[in-house]
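What follows is subunit A paired twice: with subunit B in the first complex and subunit C in the second.
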Partner chain A sequence: MDIQAIWLTAKLALVTTLILMVVAVPMAWWLSRWQGAGKALVQAIIALPLVLPPTVLGFYLLIAFSPNNAFGQGWQALFGSPLAFTFEALVIGSVLYSLPFAVQPLHAGFSQLQPALLETAAMLNVPSTARWRYIILPAMLPHALIAAGLSFAHTIGEFGVVLMIGGNIPGETRVASIALFDHVEALDYTQAHQLAAVLLVVSLLLLIALYWRQGKGGAQWRAM
Partner chain B sequence: MACHVNIERGDFRLNVTLSLSESVRWLGIVGPSGAGKSTLMRSLAGLEQSSQITGFTDWAASTDGKSIKTVLVSSQTPLFPALSVSGNLALVASSNQVNSAELRQIIQDFECHSLLNKAVNALSGGEAQRVAIARALLARPSVLLLDESTSAMDTQLRARVLSALQQHTQHTCKVIWVSHDWQDIARYCDEVAVIQHGQQVLQDAPAAALSRAGADQTVNGLTGSILQGPVVEKEADFLVFSIGKHKVVTRAMENPGDRATLLVDARHVLISKVPLAPAQVGYVNRLQVSVTGIATDQHSGLQQLTLQCEDQVLYSLLEVPAARQLSIATGEAVYAYFGAGTLPASQSS
Partner chain C sequence: MRLSITGLLIGLACLLFVTQAKPQTQAVTLNVAVAANFAQPLTMIADSYFVKTGHRIHITVGSSGALFAQIVHGAPFDVFLSADAKRPEALVEQGLAESDDVVTYARGQLALIGAGESGVNALLEAADSTRIAIADPRLAPYGLAAQQFLTGMGLWEHMGSRLIRGSNIQQTLQFWQTGNVQLALIAASQCVSYQLSCVMIDAEKHTDIVQKLSVVGRSHNKDIARDFVSYLLSHEVQHQLSAMGYLPVSPTGESR
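The block that comes next holds the complex of A and B.
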């Protein structure tokens, strides 16, 4: 079995999820508080990966990563090697591709956070670190779990973006979905079956876990 | 000192003037639903962005020269759901440098001991209310704003909580209290303001305010008056207080001090020209009074008698045919019969 590809997929999903949690929490907090004129535009840009063909996102990223462009040039100057077709490129692509899956549950959570709770905390002189620790974070934890679970699952299921910006380098960019495609191209159905079954079971288990939590009174979410 | 609170928000307009003199330490607020009481309280707590307030800080600050700190407790004031009751109290205590002895005292006085380990969502309405009041005091307010904060407690518990509150706020904190219970207001408040359609329509000492409000039933849906006097006799459940040479029986439960008050609802005051034994009419109290006014109430079509006993006023609402048969004239001396309380609340806010 293609252990290397499965391991790489897990690594990519994990790194992507961790980065998304760091990026999406302040973004969702800000979105839930901001009432500016450009809000719809910002929300639409974050939600774009939901509707855009992954190849479109992958195509623009590939262009941006090229050493002929500022971003690619900057990366090369900083790290000494081109960005395209590396694991780092996959991480950047995955973060953008799964961004709505992280931001939307968190945004819903922050929006549902009762203003009266924060008002009361301020009125009772509770300092802001304690407010985050005892009031905001506990209320947000179920939403954060959903955001993390969906980001992780969605990254595992990624194909188009990876194909465009990662190619098919074993141990570097050859994730499970790409390896599966490869096996089918090579008519190696035994390997393809094994890999497909692993992806199917892992994704199914993840979603069962999320729905189970929802049934237990965790935060609500809709499959997008 | 006049305190003005002004808010305009769409169709809703609140323009209230409260007279906040140094002698007013507990101010009651009454008024019908939708009068703007809760909005007024939120404004005073600084939670209404669009409100303009003048003249409040002088009154609020005049306690021990402390910094101004207003804390609101209302049905919209949540306990922190991720923390237990003890967590809620401890968090606010530590945020306000309240030492553990003070914290223990407040837990004891507000009967929170048996609740400490409970989750917030496992509390009953009355339990949550007393935790919320205890927690508010831990923030060391200079003005405590209570918006129907004792409504879910039973009468005995409410009496204990209010008397604990009176003790804890005595020298350190002033109280503005929205309630629909005139009896409570008469007992604890120095003055009461009646709010209607976003405006203050009168402010006075409770007994005087109620009798002035009594002339206009729409103010509070209640025509009634408050009798009060020194306690002269005490038993387990009932006590007797005096109005001049007259004696009035009331329930002991709500009257812990040495002065008693009794709210008398005008619908429950019967009149006769001859002295009957009070038990004959089913009420414990009989007062000899003189009729000082007779008017027909516009809303109910009832005849409203204004009765005077010493310096205190009593009202009676009679059906018109009954009043006609009694043929009472102004200036006449009659007997008024009424119960020992507790009287029905005039309305739920």
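The block that comes next holds the complex of A and C.
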């Protein structure tokens, strides 16, 4: 079995989800409050990975990561090693690729918060930390769970981006979906079957858990 | 991948068109599936074959593994030009091709790109610091040859995560072209196709890169497919191939 590839996939999904939650919460909060002229544009850019072929993102990232370009150059100057074909490169790719899956449910949640409730709290001079603690966070928890769950699941399902920027290095960038592709290409259908079954079951269980949580009176299924 | 699927759809359409047609004397369109490294030469060969015979060649490019899987699952290709010997032979084992229809059409040559004037020594100098792209040895014969070559140089063990694996030889070159690796072991044919200055790797340093083809058993145009194969093996074409980064094979299709 491809324990190494499965472990690497889990690690990538976990790191990606943690970063996404840190990035997406303020982003979604700001988006839900902002009514500027450029809002549709910002929303469209965040939603792009939903419709773009992953290879488009992978291609641009491969170009950007190159030491011939400013971003890749900056990275190399900062960390002393090139970026493409590293675990860090996959994390950057995954964060971009799964961004809408984190931002959209959170945005839906923040948008549903009753402004009247917050205004009343403000009028009663409830301190802002208490407003977050007692009003915003409890209402947002189901949305945050969905955002995190979907980001995690979607990162497990990532293939096209990794194929283009990964370089298939065992223990570093060979995630489960790539290992599976390799097995099929190498006509090793036994290993392919095993790995495919693991991916199928894990993804299914994850989604069941999310739907089950939602069924217990959580947030509406807004994502996607 | 996208290319192959588009090709497959077009191939299907062509097949529908072809099967409705007419006696074999008329011009037909052959659907040829080709491994990435041979796509460029095939385009040229297909053009001259069309001029000679009036038969068109429709080309679908992919990795040998993906094309093989498509043929096993019924893709309507007439000829399959693999980058290796294993997959055309596997078609015979699965009863999808006759053993007489499997022949060697080219022998590949390994080349190093990015080394500049220091040649192969660049590998030794850079082995501790530079990343090298190769095709995945498990998937691509050029990758296997690269592995054997690097092992022979005593470098394979030390490379570890500085060894970047492309899923085929085309992606391997792409890693180098985008500037993400300094050195790459690719096919000599690519050096010719893209006019790159490469260093040729001594063919003694690895096992032969034998590229075989197969006429697909369920082809409706077998006679023309076989005619195309013998054109491919003709002295005229093989001579052209040696200028395109391949080592020639004898007219019977056996290597050497």
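Here is the rule we go by: the second predicted complex is superposed on the first by the 222 of 224 C-alpha atoms of A that agree within 3 Å, B and C clash if a C-alpha of one lies under 4 Å from a C-alpha of the other, contacts with A are read in each partner's own complex, and residues count from 1 in each chain.
The rule is simple: contacts are C-beta pairs under 8 Å (C-beta built on N, C-alpha and C of every residue); 3 or more make two chains touch, one makes a residue touch a chain.
Predicted model only: the values in this text are computed from it and were never measured.
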Which of subunit B and subunit C A:186 touches, first, second, both or neither: second
Touched partner set for A:63, first subunit B, second subunit C, both or neither: second
First, second, both or neither for A:52, with subunit B first and subunit C second: neither
Touching partner for A:163 - first (subunit B), second (subunit C), both, neither: second
Partner with the higher number of touched subunit A residues, subunit C or subunit B: C
Subunit B versus subunit C as contact partner of A:118, first or second or both or neither: neither
Subunit B versus subunit C as contact partner of A:84, first or second or both or neither: second
Touched partner set for A:135, first subunit B, second subunit C, both or neither: first
First (subunit B), second (subunit C), both or neither touched by A:42: neither
Residues of subunit A that lie at the interface with subunit B and also at the interface with subunit C: none
Touching residues on subunit A, where the partner in the complex is subunit C: 53, 55, 62-63, 65-69, 72, 82, 84-85, 163, 167-169, 171-172, 181-182, 184-187
Complex contacts: residues of subunit C adjacent to subunit A: 2, 63, 65-66, 68-69, 87, 90, 131, 133, 136, 138-139, 161, 163-167, 174-175, 178-181
Complex contacts: residues of subunit A adjacent to subunit B: 114, 116-117, 119-121, 123-127, 130, 134-135, 138-139
In the complex, subunit B residues that touch subunit A: 45-47, 69-72, 76-78, 80-83, 87, 91-92, 95-96, 135-136, 138-139
